[in-house]
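The structure is given below, and queries will be raised subsequently.
Read from first to last, the chains carry the letters A, B and C; within each, the first residue is number 1.
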Amino acid sequence: MFYREAGQFKATYAADQAVFPIRQDRIGLALILVAAYVAVPLLGGDFLLSSVMIPFLILSLAAIALNILTGYAGLVSLGTAGFMGAGAYAAYKLSTLFPQVNILVWIVVSGFASCAIGVLFGLPSLRIKGFYLTVATLASQFFLQWCFVRVSWLYNYNPSGAIEVPARALFGLAITGPSASPVTRYLIVLTIVVAMTWFASNLVHGRIGRSWMAIRDMDIAAQLIGIRLYPAKLLAFAVSSFYAGVAGAMMVFLWLGAAEPDAFNINLSFLLLFMVIIGGLGSLTGSFFGAALIHILPIAVRQAPASVGLTIGGATVEHLTYVITGAMIIVFLIVEPHGLARLLQIGKQKLRTWPFPY
Amino acid sequence: MNPLYQIFVDPFVQMAGAPDLFAQTIWEGFVGGMLYALIALGYVLIFKASGVFNFAQGIMMVFAALTLVGLHEMGVHAYIALLLTLGVMYLLAVGVERAVLRPLVNQPDIILFMATFGLTYLLIGAGELVFGGNPKTMIAKELGLPSGGIDFNILGGLVSLQRIDIAAAVIASILVAGLAAFFQYTRVGRALRAVADDHQAALSVGISLNEIWVVVWFAAGVVALATGVMWGARSNVSFALQIVALKALPVLILGGFTSVPGAIVGGLVVGIGEKLGEFYWGPLLGGGIESWLAYVIALAFLLFRPHGLFGEKIIERI
Amino acid sequence: MNIAASPHATGAQGAAHGGPLRDPLLAVESISLSFGGLKAVSEVSFDIRRGEIRAIIGPNGAGKTSMLNCINGFYHPQEGRITFKGVARRRMKPHEAASQGIARTFQNVALFKGMSTLDNIMTGRALKMRRGFLWQLLRHGPALAEEIEHRKFCEEIIDFLEIEHIRKTPVGKLPYGLQKRVELGRALAMEPDLLLLDEPMAGMNVEEKRDMSRFILDVNRHFGMTIALIEHDMGVVMDLSDRVVVLEYGRKIADGSPDEVKSNQRVIDAYLGVAR
């Protein structure tokens, strides 16, 4: 009833080319933003902020990174965690070498380091396609992870081999390190994620996004209408690894507080790919859904038995999480291969025509 | 010493200086390569028959080995456990065909690829739930596999071959030859090759895709079991072994996803190259380069042969 | 629609067609192309004049599509020369051909299946859009203005091809005939000087063929676009085209006006299959 576009006439192409042409969608987005900025910090406890919302937002950004590469440009990557690590280590090095510069600047700048590495590892995409490229992206994952372990300069020769986040402040307010409050960190993460999602949305709705999708859908035809494959593919790698790098830097600085090389292992790359697939390939909204599902599921599995009075060992819970995740992926693919984003779309369509199905 | 000398001259001087060590390294690379080739063969079989890049192949290997050892721990005789494990792998093949392949037929490649990721997680979780997550020792002796080493006094030194490695190489060769014969000379084998060539055409002459899928997934399961036993005997059985399967992936870049000879030669190239690299060049970089060297070898190869070892240049048509 | 505003279009009108004095837009000189031992095209020469509709016909496997692939840089002939707009070229990448003004549709529809009709046609404007990465990130000011300007252009094409109702539909869901139409739209969006159509009417019913013929003629007559087309329907070929070149087994066996070709003995033999 309330979700109708009838009566909303678009008099200009500008209105029709908007990202959200339907008014209810714009109102919905505004409500979500208000809730995220006001309601969550006011009502949510530290657990909700530190263990649910901050990881969810950071993982969403990483999923967007992978979605740009895989969902839009059609290049399936298993190396996202490596690029996140590149961003994290770059931010760590930069912030310890130049402590006088604000950490937020370094978090964003570290994206460029990851970006450069991403372009380098994107070079094989010029010669190989499909699953061959997917396997080649594993090279970046393993090589980068090896660097995080072996190149001690990267972690300032710390004997533990881990990187620990220095305490930094903005306008006297602690934003990283142990004294930073969850609310502060949450609001910073939220702002960065919202801004970067907006940029990504602009990108994929314009010329560049269209040329990526053209390459994804039929690279030969894309070439013949004048799209230059290699620059476009490398740009996809660059943007994707920039996003991954920023997500990785935030993961260490604003979520974990410290990280070992193993934080960026191949399992994280896999999980990000699940998020993208379950959320929906080629959908930014889907990246958020996927991240929510994959991140919150283990938390739910851990809490569920306790809430009904059962006690299950920690190891068993972990195994169960694996089983449930695996089964869920298969079921999801069978039920809706286009992911949660498509389900939302179908739901909206139903709502639009409700109560008459036609 | 200048770095160019260290990279380009010194390792070769070492090789020539100690031929026994060199031979030893080559042999170890060769055995590792045979096992990579076997894992890669598992990928190739399934890719050829169903167009699925079965990411779960590595996990199937661990799962098979874990089932075998786990059953033995429960007091089942080793050979009966082996038979039972084969049965489990068959059930797995049927299950995958019913629950994954059949509902997802005609979906894009990436969807099927992701489904095998789901399978990977499912198998990890199920395996650990049933048999526990602790590393186990492979029941090599109970299965009648040899142990100990043979030493050869050749090349002015000592070359030591582990009996289990020799057995691994022999079993791998027999398995490869057996599979080749099976697909060359049997009815199912012909049907499989037809399916690999063109699904639609194969369907239209009355070949049952479902049947072929079960056979192929079972064959891949057998290969997985064999590799699982071999790798398990060399280290031990745990899900950490799956990293080995990830290292078999560069073999696929090298040899191609559809070529059986490519898998074998690619496996040997990766296995030997990796050992030589780690032994002679690894120290220069601080060691541990085995984790990514295979990929670099494969990618370097691609620069010169973009279509893989045995791939033909495909003429793109529009 | 302002396709004619393209600087190279001659603005030819229906009456003055195919005169022998018109300069060739594209000349193909003794092109040979082989794959391994198989000769797909051997020593074929012909030209396409500005403003004409040039048909390439021949039995299956005669090398027609290979010929088009050579012209837009997808295949590289081993021998021979292709001159486009007076400039000879040997090796060229497909996107370079596109930026010089050669557009193309395909035998088996090659649309971007995951995108809507509008987005497919907008993709055809890729070469005309100039705003760089940073503006694209903002999608305001000049970038948005550019987007809207091109949207207007694409809407004109959508009007012209009568596909307004499927503007926002993903093309993968469209029936075949409409997909072919969208593909033509995407090629037109490039404002090409030379439009290559590979079997634009394959698999269509009579009505759809009539629509498509009308679009092709309109594009040619009113906007002066030069067209080369491959088509198996002889009726269509004879009605539409100004000149016809006939290929058989990769060789040219006839070249001339539809009437000349129709009465050429070798062409009749090729089509009726005379024992040799």
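Note that a residue touches a chain if its C-beta (ideal position, glycine included) is under 8 Å from a C-beta of that chain, and two chains touch if they have at least 3 such contacts.
Here the structure is a predicted model, which is why all the values come from computation and not from measurement.
Chemist: So which chain is the furthest away from subunit A, centre to centre on CA atoms?
Modeler: C
Chemist: Going by C-alpha centres, which chain is most central here?
Modeler: Central chain: A.
Chemist: Looking across all chain pairs, point out the one with the most C-beta pairs in contact.
Modeler: Per-pair contact counts point to A-B as the maximum.
Chemist: Between subunit A and subunit B, tell me the centre distance in angstrom, where each centre is the average of that chain's C-alpha atoms.
Modeler: Subunit A and subunit B have C-alpha centres separated by 32 Å.
Chemist: If you average the CA atoms of subunit B and of subunit C, how far apart do the two points sit, in angstrom?
Modeler: 49
Chemist: Could you work out how far the Cα centre of subunit A sits from that of subunit C, in whole Å?
Modeler: 42
Chemist: Please set out, as single numbers or ranges, the residues of subunit C touching at least two other chains.
Modeler: Those would be 74, 106, 110.
Chemist: Multi-chain contacts in subunit B: which residues touch at least two other chains?
Modeler: Expected reply: 316, 318.
Chemist: What residues in subunit A touch two or more of the other chains?
Modeler: Answer for subunit A, listing residues that touch two or more other chains: 220-221, 224.
Chemist: Tell me, which parts of subunit C touch subunit A in their complex?
Modeler: 72, 74, 93-95, 97-99, 103-104, 106, 110-115, 119, 122-127, 129, 131, 133, 136-139, 143-144, 147-148, 151-152, 155, 186-187, 190
Chemist: Within their complex, state which residues of subunit A touch subunit B.
Modeler: Checking each residue of subunit A against subunit B gives 70, 76, 124, 127-128, 130-132, 134-136, 138-139, 142-143, 145-146, 149-151, 220-221, 224, 266, 270, 273-274, 277, 281, 315-316, 319-330, 333-334, 337.
Chemist: Within the complex, which stretch of subunit A touches subunit C?
Modeler: Its residues touching subunit C are 12-14, 16-17, 199, 202-203, 205-208, 210-211, 213-214, 216-218, 220-229, 235, 282.
Chemist: Considering the complex alone, what residue numbers of subunit B touch subunit A?
Modeler: Where subunit B meets subunit A, its residues are 53, 99-100, 103-104, 107-111, 113-115, 117-126, 128-129, 133, 246, 249-250, 252-253, 257, 285-289, 291-292, 295-296, 298-299, 302-303, 306, 316, 318.
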